[in-house]
């Protein structure tokens, strides 16, 4: 386990936890892609098999349940829109986890960063509700990004200046954020009629334009799509992206070769926080129209799952996030049509993750035998 | 009844995936015998001993101790059978004290405080006394210099009542005096009935202390010889083997290994350098990681094309010196300039831009990105320069191309530029790091233990590369714990003791024993002490 | 399905959306009860539990596309989304809950006003009469406008009782956090509050647990939604009882009859009631019952004050 | 003061128990992040068993066993198969969280009133319980409290005072060194993770068995994550953890007290205090908050990269 002097060692060894996506053995891009995709497919199939057995054993219909999980996103326009609306925060929270992870840091604070982003966005959207969309919408998205980045920035400063472990600080900051937004939603801009801690609605100019007839797809999806391309390219082709991966691989070697490691580790957290903050702002602008308690849903956990499953590949990440969004949306339908408890989906997701890990071992054995 | 040898390993096979590290190797070691194990990097010496010590599980083969066949599946088995091992890299708990490290793994009566340890302390004192291995039992490990830590490793083995002691390259970090002391201890041990297996690359040492020696090459045993029936040239020939062509007279490289480097005497006045001025260090003051001022008011001039060598025992400020000269560690005060360009106070990246290249001592920890490919490793450090970018983005195709060229030029044994650096052998990792350093077209090259653990071929390669850059006018600082190396390649040798210069010699007129005294703080410095 | 079409909801496909698990023996269980009652009357029912506020729109749309004719969201936190989806789907009937009378109520949306403050008023009278220390604690979950209204109504009740008592409101931050409820109840008790008026869901079980072992006949606790006297009859004082089958049935009947919008105000006799425990001293019990009667008759007007409690 | 202590002690028990379980495996290098899930599972199992068997001790023991089982899976996956500890831990966290809810639902089902058990009874230590101020809160407690006290002292003794503890700790500091001296690295990691995870589950079971008498989904409410923070705060040392847990529990109770007294500050800010205070403490904690050098990294005897 290698460590940098400036920053404390992180649990989970110096590097990202999983091996990078397997390389094709010089035998062409096609086999390369196959080697990358195959473990995912196999893991999903196995997880559904085991999950299905569990469901059957509990006395429900596994076929109905799994069919619901897998098809409901695709059999209606509504299903696809809902899935994509879930995909946005999942993929952004996955970045919030995966980008700091590239530098070897664990950001467990996407919840808080998302909530702060939502609050920042809502603050602008409420305060300047009369502004036209051309001004208000960008302003609130930027505010969301900044608020999320700032919140993660606390952890970054604690890490870089005071060597406070980031797992600890980001976890604690989540708890702080819950209280903070509760205060905002019940005392600063409370909506008396909401029956739930929620701010008053943001102005019309703060709403993302919808695409297509109702239920419309909010245009934040396109924004995130563009961002995904940007991040994938940035991590692979920019010097900063390279430095981040280098720091994650070996912080000391990076330091010696001119990389400002601790600053970069801090920057990774801040960028991740910005991504989560954007998720919050987009959710306000595109879906909820206000900041409300609980809007972080379980995106922290899903983001971590996706971030881990992506194994350092910013290219694979959005696709995996889509898969998880399909599962998550399907889970609701599964409960509806087969009465299977929603907890089942958590179990299936855990199984996918475990099988994916095990696939590494299988592949290494195969490689060894070859 | 014939007496069986103390240790007998027969037909041991060990493979790592596709690598056949041991190919039916046999080894016999008698009682009261120091047995040398020689061979180039990757010959399989460590692997063979790891099998004996139960760290690796052999695919096949047998081990007999005193004629009795034994199964060793873990170090615990080995320890119980009286096998002790001092590893190539120390296996110590840095935060524990010496005595805690020594008793680790044994059953302690009376707890880990006070009473429980006092018996151990007495035993350690006894061992220290008998074999001349003196240590402070209550010192914390991470605060000890390498030489002492080495002793602790030996004491650890002896404490467990080892009758067969394995030492894996124990002399790399020791001064000549310490090497002599160690060898005296080893002779005492065999005199008391023990057997010792000594792994080394150094023929001089082998001849000095071993009764018998086994030479390995490419995972196989080449030959076992008696001390009496061999000499340095003969041994070197066997070690280098046919694969390196016909045997030639020893070059400076081999001279280092043979321990026949030229010897001179101390000069009182070092003549003014004949090199054009290059790097200038003035009043440099540096702190170590614990904020202790380790180097203060340090002055140094290195001319263009000059090689200045620092000899010293590890822990005397080498790391701090190297890192400061390389721009990794900030100066507390003073200045460093290259051709009048002031570098101190600048970020590391700017040092790199100015042509400072650094080959750190710890390859794995400081040198490479283990899970990244050779391409990425070679790019590191120059990844911000315009050379590697096309319209702002990193040009990976060109980077791969350059990596492929470096693989060929530096003879890096790897499948492709995508091979992960962590999967390379030690020597090949060093080649990658050198390739990176030289790609910078350096004006100042800082090398720390550049050939530690490398075989003759690799070592020669490194020296050739250094020659090449000095010919181009690069200033070189070599910091090494291998005194022979420093003497062999440097134009000027400086002894480093507790962060200051304890003596300076022209390399054609040095006495290694005098340097050894100076680098251990004995005698007053003559000449260039700061 | 039912054989005769007399009852409300006959032949309808009715869906309920609940904020928590239907196993909570509380608000959500009451929701399921109401649905079951509709099922008895011939409706085909389905429900989703533990639906978080951010997910409500999706859930509503899921039911709409699933062909449900009536969709009911149980909890005022769902009002906005329900109104929005209702406006988009004029052919489907919706029922939502609200504290007060909403603006811009869609044509196809019924509103249930739970009217908590009115029902809490008598508890203020009761608590003031029960407290010997003159300190009454209010244990809420989230500090929401409807909780504020409850607190103000309690204060009004205490005031009207003529007794000298102070009300101390605290919030656990979560209606279902049993552990926090335990801790806060202990805190309130050790602070000298001897009557604890709770407005929680599951959390209330924790409040009961904290009452355990404290002097009976001195410390009292009141609960909301369902009768939880069995938890601890000794300390149990009263319940603000709710029955959502009543409003649901009535609204389904109205929809059947063609009236697709309106407000159903719950109150005494209309799905809400105050039930007082047997161990409560007769005098206090009488005062509380009088308060109920006064509210019912209109003699007492309970003010709706949703302003923040400082 | 006595009242304050009485309020602090139960949460102290939870935090201490779970954190001792966490550092036990942490000292051998296994970084357990399953707490939030395992505590939920412990709560569910503890409740269900106590309810069905009518024995609280049974509930605690079976909860321990189930937690230990999760620990076993974690340790097999990480020591035998050498899968990443953090990833496996998170996967197990999901699985345990899901299993907790499923178990309750399958065994108890939908009930009108949540079934309730009698919470643990308090036992009095004669004489000591009469000491003013501390007697009541510290010597009239349920047996879990006394167990936690003994456990903490025992762990301290074992880790810091015995030869076995010296060997044990070396596994997390330098597994290769430990291995080379005949210390069984995998064995130490395995048992410490199994026992540690069991303790974490018992901490979860304490919620229904002490606080509430019922099980509810989400009743751990993030406290499992706080346990990880506590392990860092306590520098992975048993007695520091005891103090850290007291700090966590104390701040928690103080926050509530501030609200009950009424400081005129929005209650949300008071509730933030424990977390903010912990962060502030951590700023100064680098002196003691050292973690095992190999925390979170797997050991592979034949690998040259590790160690």
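Every chain is named by a letter (A, B, C and D) in the order it is written, and numbering of its residues begins at 1.
Keep this in mind: a contact is a pair of C-beta atoms (placed from the backbone, for glycine too) under 8 Å apart; a residue touches a chain by one contact, two chains touch by 3 or more.
Predicted model only: the values in this text are computed from it and were never measured.
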Pair sharing more residue contacts (C-beta pairs) when A-D is set against C-D: A-D
Mean-CA-position distance for chain D and chain A (Å): 28
Intercentroid distance (Cα basis), chain C paired with chain A, Å: 36
Centre-to-centre distance between chain C and chain B (centres being mean Cα positions), rounded to whole Å: 76
Two or more partner chains touched - positions in chain A: 179, 182, 186-187
Contacts with two or more other chains, residues of chain C listed in rising order: 50, 143, 173
Chain D, residues touching no fewer than two other chains: 105, 268, 271, 293
Chains that touch, pairwise: A-B, A-C, A-D, B-D, C-D
Interface residues, chain A side, partner chain D - complex: 1, 8-13, 17-18, 58, 106, 108, 158, 162-165, 167-169, 171-176, 179-180, 182-183, 186-187, 301, 304-305, 308, 341, 343-347, 349-351, 353-354, 357-358, 360-361
Contacting residues of chain D [partner chain C, same complex]: 3, 6-7, 11, 105, 108-114, 116, 119, 207, 211-214, 216-219, 221, 252-253, 256-257, 259-262, 264, 267-268, 271
Sites on chain B touched by chain A in the complex: 17, 289, 323, 326, 328, 347-352, 358, 360, 364-372, 376, 379-381, 383-384, 389, 392-394, 396, 415-416, 418
Residues of chain A that touch chain B when the two form their complex: 2, 5, 15, 19-20, 23, 26, 233, 236-239, 242-243, 245-246, 249-250, 252-260, 368
Chain C to chain D touching residues, read off their complex: 21-25, 29, 32, 50, 137, 143, 168, 170-171, 173-174, 176-180, 182-184, 186-188, 190-191, 202, 205-206, 209, 212, 226, 228, 230-231, 310
